[in-house]
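Next come the structures, one after another.
What follows is subunit A paired twice: with subunit B in the first complex and subunit C in the second.
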Partner chain A sequence: MARAALPGRLNWQLGRVIELTEETARTKSISFALPDWAGHRAGQHVDVRLTAADGYQAQRSYSIASAPEDEYLVLTVERLENGEVSPYLVDELRPGDEIELRGPIGGYFVWESSLEGPLLLVAGGSGVVPFRSMLRHWAAVDGGAMPRLLYSSRSWSDVIYREELLRLGDRDGVDVRFALTREWPEGWQGHRGRVDRELLGEVASPPSEAPRIYICGPTGFVEAAADALVEIGHKPSRIRTELFGPTGG
Partner chain B sequence: MEALDGNAIAGDLFELFGTEMTTATGVCASCGETGHVAELRVYSRAPGTVVRCPTCGSVLIVLVEVRGMACIDLGGLNRLEPVNG
Partner chain C sequence: MPISRGFSGRRRADADPARVPPGQYVTDDFPVLSAGPTPRTPLDQWSFTINGAVGQPMSWPWQEFLALPSETPTADIHCVTKWSKLDTTWRGVSVDTLLEGVQTSADYVSAFCDGGYTTNLPLEDLTGGKAWIAYEYGGEPLEPEHGGPARLLVPHLYFWKSAKWVRGLTLTSMDEPGFWETYGYHNRGDPWLEQRYQGD
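Coming up: the complex of A and B.
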């Protein structure tokens, strides 16, 4: 049902699928054209709503993977087994299809170039998605101090945005570190095992430089990383977290 | 059950309050702790959504939809202040 746009309301709008890109075996990036999109800030998310033929609706929240400067809005979605929404988005959606979205949503887990100070991004699994938006935004606006990204995945084949992150490291000088927790390619030079206090201490700027720290991932990952960073001496007020988990996907 | 955080209900809260609420500051009526809505613990698999204090675990907010009408109980909060602008 269409309704007129009201100020102060989040209106559902139709996004047309432009392109789907396979990031990993379980993850796809979906580009949408949204004629009524008012723009977003890096780190915000959208709600996606699917309606079945019998009227049943399922709604989920997804982080925006594209930068504010990008032409299309991009969501990167991981297929959760037995999920209600993500299997449809990852496996069934085709270019030209339209789905309902509303947003942008959230103002807490947001980074803008006006926020000064060293930037540290800590991602677990698909928690890297909002950081793609932040890093692309940083590169687009020449956002000051070189960001650091610490990204934990199970294996190299589970790493989302592999090529783009390597390029951000090589071409733009972003300090990108990968931690693999379960399997490592032969000759793997990065971190093996979970992100721990020692690794965070090595990757993070010292507390005296008061880096802005963003952590996104599953609950256990985020809590462990935040606790370790506070133990190292970083102020809780400099740490912003976003949890995601199996909400029924 | 694994909790999410207040970021997960940002859209629903925007619908109810007409403004961005994850940066709003709330004060827990039980333990007095002050924090951002984004930092609260959200349990969305209950019949409805239960929001708890990350410090003491008290129920701060309950969101339910009844026959298409959204109901919100803020009884566990002493204060809830959105950031202006």
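Coming up: the complex of A and C.
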């Protein structure tokens, strides 16, 4: 599908739910068929709008989890306690339901194969979602330098896309590192505890190679990782961040 | 309007709907939004500048800036990512105060910041008691993650216009799109007209 040459208005359109996949106990991936989708770039997001029977509406933004090359648009949504929209998407939505979406939105937190050089992706929790789009895109287009992914979760059962990421590591040679902050499976060989300066120094290409660095996750995680990478010597201009606030709903 | 089967919503009873623009929800938190690492400029290297199409550029080092007459606006703020926060309290210098004595025929302003961020506004959105350079939030020095030491505060527009880590205003005769404005966000960003993205 060709991208529109000039961005017009991003109109709301009805996405039909094709499939829901449970990623973790709190997280589902939802595939949508869209009637009028001009394509997206890896890392972009969409707005979702829900309408109650009395006309009340609620909107939220969600990162796109699918690659531009994929057949359906996929959103991966984590159920937030006390959330308004995410519990509906995770628990209520069924195949065949239709909800309104518009996008794609955002053009900065984006990776495409024309951006050369080493690539480091640093994810905390559901901040891994846009990186799944980037990694699938990388695999689909044979995008050059091997990406590295450092992904922090609370426990092994909280790791989203676990099998797919292990496969990307084993089959495609992507350097995937997991950090678990709270619980570790028996014999866990990965990092224990929070992502810190030492771990980032070990995983990241040296500053002299000027890797492109993308960080996505909760505010505290992103701030700490970005600060540490700047302290190590990476230029702030090489570091792009996206924050998933606790009130994403 | 297509009804979302099984969705009833969770309206907040304690928030006045007349104060919440379309598509927004009220939060008590203060979420953070940024595109890169938080810059940390030492205060002895900080200054605030007004330049561009002006008769005489102006610049205030930190201590001189703090000595300017300040105001304590209370405002509702609205982020394009959908959250709104009501009754936020600030201290800062009104842009009107900074522009006193500045000769200009410019119609537009580009706010520039540590970290390279810029955002563009019509000058009239910054004057007439509508905008401040704020350095306190909730009675405390503004934290770096929220834009400290000082940020632009333009509460009647979406909050990306309230540029964090602001270091100055460049007055221009032509409108020059800033950072998010070149990535598809709306040029003006009025939350009551739901001007989120280009074409809205």
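Going forward, the second predicted complex is superposed on the first by the 241 of 249 C-alpha atoms of A that agree within 3 Å, B and C clash if a C-alpha of one lies under 4 Å from a C-alpha of the other, contacts with A are read in each partner's own complex, and residues count from 1 in each chain.
Note that a residue touches a chain if its C-beta (ideal position, glycine included) is under 8 Å from a C-beta of that chain, and two chains touch if they have at least 3 such contacts.
Source: prediction; values computed, not measured.
Return fit or clash for subunit B versus subunit C, each positioned on subunit A through the superposition.
Partners clash after overlay.
In the overlay, work out which of subunit B or subunit C sits against more residues of subunit A.
C
Once the two complexes are overlaid on A, one stretch of subunit C runs into subunit B. Is it 60-68, 96-104 or 186-194?
Stretch flagged for C-alpha clashes with subunit B: 186-194.
Following superposition on chain A, which residues of subunit A contact subunit B and also contact subunit C?
Overlap of subunit B and subunit C footprints on subunit A: residues 8-10, 47, 59, 61, 105-109, 219, 240-243, 245-247.
Can you tell me which positions in subunit B touch subunit A when the two form their complex?
Of all residues in subunit B, those touching subunit A are 2-8, 10-11, 14-15, 18-20, 22-23, 36-39, 44-45, 83.
Sort out for me which residues of subunit A touch subunit C in the complex.
7-10, 14, 47, 49-53, 55-61, 84, 88, 92, 97-100, 105-109, 219, 223, 226-227, 229-230, 236-237, 239-243, 245-247, 249
In their complex, what parts of subunit C are in touch with subunit A?
1-11, 22-23, 25, 27, 29, 31-39, 81-83, 115-116, 145, 179-180, 182-184, 196-200
What part of subunit A is in contact with subunit B in the complex they form?
Against subunit B, subunit A makes touches at 8-10, 45, 47, 59, 61, 102-103, 105-109, 218-219, 240-248.
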